[in-house]
């Protein structure tokens, strides 16, 4: 058994099984998807389903995806700041050489550019890569190793750590919110006033008030990165179902929700700057995860990112609505405890 | 099938299965544990195992756990700042009344205290609860609803949202790092120099350099909350195996690593301020998750938090060692790809 | 000359002279003040004056001040986390002993409480003091030195640095926004619609839109601490005029602005969590600074904090209005360049 | 009187006078400077002087300055995310048009590039300008106004606020630490062990310990932006003396200190990412400020930034040394109170 799972696990002793729920007909850019959500939090599937319905009745969700790329930010040790500047300038002048070194490590990887930083004798170079349909951290690590070897050979500059926390991988950081990582996704919907009332049992004004007082002001008062309600719940459920790396929920759940009146209807949007997702490699190879991807029509990585953005929007919409109508506790009493 | 999973999922269509690996003999406070790790990231189990061995040969990991409690921070709307101050003062003066209201919602919940904040007409009260062996967010939501009703009844002050992002639940925030949430855990180990060399293939000095340049300086340069290497990987794998809420990986993976020389040996520590974990309720009820908890000796929630702290320490130690010796890419080439 | 300035400067060679402007009739809690603003930024005095007029015509500014106290957070080195916990528990159990040690260093200083933190062998204790009418950092440093000596004597625990950046003094930090430092100030005003139109040349709706899109969303998108437009301008001008420590502009300018409709009028508020101000000691002793304080009626430190809060509100209101009506560039063209 | 100060102040009633101290012979890149420091904090001049001596005896301070440029980040309102992307793409495709519009507003201003961001219907474009010898915010505001008019004319996209807090001006933000603003400055020195002992009364090891436990770990534990001891003190004193905008102390004091052993000597560095300074315009026109600039040899803006970087290094070195030897309180008792 363990044999066939090489690349995913060592010393395997069995399987952890998480219940999988289904949400029907999320409409994203005019296309309909059934969502697989793996979770143990009662109410989540029902809540996403409700948000789905509300947007579906209003024309669906529109999504934009921007490919940023996976990043690795090794930290180097230089002799002084002048040598540090030389390292950065050398990497800029000899970029094609670094690009070639990276390209040799695999046919699906391509170095795009890098962003430098320096403090004292420490220099960070945040390399950004296109990794095709894969989430790509493995590829990126191996390619960065080659780049680091070229730098060592040419400049005799030592790499202290292949990852220097200027990537930033699986830690919450403003760098990722500001620069993006993996895929950046924006999703929006215009929900008709009557739908807000009938499906979400609230009003656009009340939803807007919660976005203002909780998602924005509450986030500012508590020193949060971003400003949203519960992106992490939906991201975690879809990541788990589709075989993504669960530690990437940390970066993947970063983001900002906005809401406003458009005429008398509700304009609602979410922005997710750092979705590290793939449709090949890693956990996506496993049987139940393959099935979940199939359920989504075997999407490309970009399409999958868009679906996740759409799902986050409807889940965020439904929770925000429940908070605005005072129904959160009731829902959790009903669906969050075993009957 | 769905019937028996009420409280965990709606519209269930099957199971997501994640491979479970085993790490042997993590020694925490003198007791030995076999760890269940659910992950699809090759090398993780092997790496944690290596860190485990290194600490075991050095006397094991010492752990301290502090029960902070689960929190909910509703946001209220007041007429002006003077009324806002009155609300806060009233809640302080009538705390026993709020405590009783909370206690009525369940026998395992106890309101401990609250922390207030105000900006303009918005007031947040971050209520902190003891929730026994449960992670407790469901209980806490229901209890806070009651508290909010008392406030509404007595003061005619309206609650805008039962969660006002001053909790902070499932979002990365400085408030949680500074105040703690759920359980705070500190873990430390003194790894003998010879063990660092033979088991971890590096030196204490090199590990200390990576902690300095990556975990601390790299985190500062990238605007990260906390300063660590990859807490999220170990937290996610143990949370998944033991039935915790996967969106809590966001808060649970916050924290700080430290390292320094002690005589010629390596002192290594991790601090996790916001572990939201439980051993009853939620996903812990499920069969494979129950088995994982049994494998750990059916720990209390506090003991489980301590085990997670110990596991994070050994996983962090092993990754930091691999980075310091330049072995990260090699390990991922060997174990991170299917053979 | 230098002799008489001992305590303020060494090796004195002259004076730096900054122009002082006057703003008339800021009404705070029903009392009228003429404000001294020392600045070299053209338009600032005129802008604050305009905001002043707008609130004066609407009943003035209401202000609440909370005395938090000055803080020092030394960092100690312990042998292990268990000894660290003992240090924290000892300080809690023997608090009166620490309080007495602090009290012996001066008649105007009183230790209130402390907030602990620990990571590995490092322990921080953030001591909070009442310092009467003084800003108090000097007193607090000397008192903390005594506390540290008691701890060293009783527990043999070494202090690494008397300030451990857990104070946090003169650096931007979430800890200060969340906990407060010095004085916390809230200020609010209800500006009549007609006044917004005639004096501020805009509408409540437009001002609210700028607060939303710039002060809140823009601050979130850029990883700012707090959410405001230009608190620093007004804080700096008043600090300079009244002899405050100019490096405290960093903490003193932290804060959050809110705005909303109240009926058809504009409710506008500011929150400043960390105003380190005094009316005795430091630069307040100097002649021109004494004159400025006299102009304000020789206020207490609490009253001064309230005046600053009121001035920040009117300055913030005027800038936000200018942005909302597209007049910022015009004003700077007219008043920001020499004619 | 007021006449001649048009552009700096309105409704002038007099001058605020701050004592000016002198520090001799700061050696930066081989050149010697006498520093004018305007402050009311006793010990500051003496402390900077001590750090100056320590570096002077060790070969002086080496400094690198990078011209980043002044920035303005207006926020625009678009109809939907698709229109938002079009706005960004249009600005990229028609960059030369924007550049020309900016150039027409003055001969000393040049648009370099811009950085976009989007959340829902809000789009921010952070324009970056070269402003010659001026700090330049006035010029930048006026130029951005023109750019905004072009966008409005061509695309019919409305600007909500000319500054959208994506600049970020005078607020503490991670964006500025990560991207830089104004001038980025790195400064470093190698202080001989014997000099650390004789001049600073401590050891390299003790200084390194304070940098680690206070500047880095303490800053992480308190949610600070950056990691330093007291950059703000030196920045404020030099800004005040040389006529800079005092509200820019907020951004200008951001930064990171590093220290490490080099052989047995002390390598010490500071990094300041966002120094908004100029040598023409604003407060630099005033008499005492002109004198201070003359004292520095009438430097260019870049040279002034380098001097400030050097001064921050020596001031930071001296404070860190005082903390490490337990002398902070003593120094403040001696110099921080009037005799």
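Note that the chains take the letters A, B, C and D in the order they are written out, and that residue 1 is the start of every chain.
The rule is short, and it goes like this: contacts are C-beta pairs under 8 Å (C-beta built on N, C-alpha and C of every residue); 3 or more make two chains touch, one makes a residue touch a chain.
Quick caveat: nothing in here was measured; it's all calculated off a predicted structure.
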item	value
Most remote chain, CA-based centroid, reference being subunit C	A
Classification of the subunit A:subunit D interface as same or different, half of numbers criterion	same
Distance from subunit D to subunit C - Cα centre to Cα centre, in angstrom	20
Subunit B and subunit C, separation of their C-alpha mean positions in angstrom	34
Touching two or more other chains - residues of subunit A	117, 119, 122, 174-175, 178, 217, 219-223, 225-227, 256, 258
Subunit C to subunit B touching residues, read off their complex	62, 64, 80-82, 84-85, 117-122, 174-175, 178-179, 186-188, 223, 256, 258-260, 267, 269, 271
In the complex with subunit A, residue positions of subunit C that touch it	174, 177-178, 212, 216-217, 219-223, 225-227, 256, 258
Touch list for subunit D against partner subunit C, complex	5-23, 36, 38-46, 49, 73, 75, 77, 117, 119, 122, 124, 138, 141-142, 144-145, 159-176, 178, 209-210, 213-215, 217-233, 235-237, 240-241, 243, 245-247, 249-250, 253-254, 282-283, 285-289, 291-292, 323-324, 326, 328-329, 332-333, 335-339
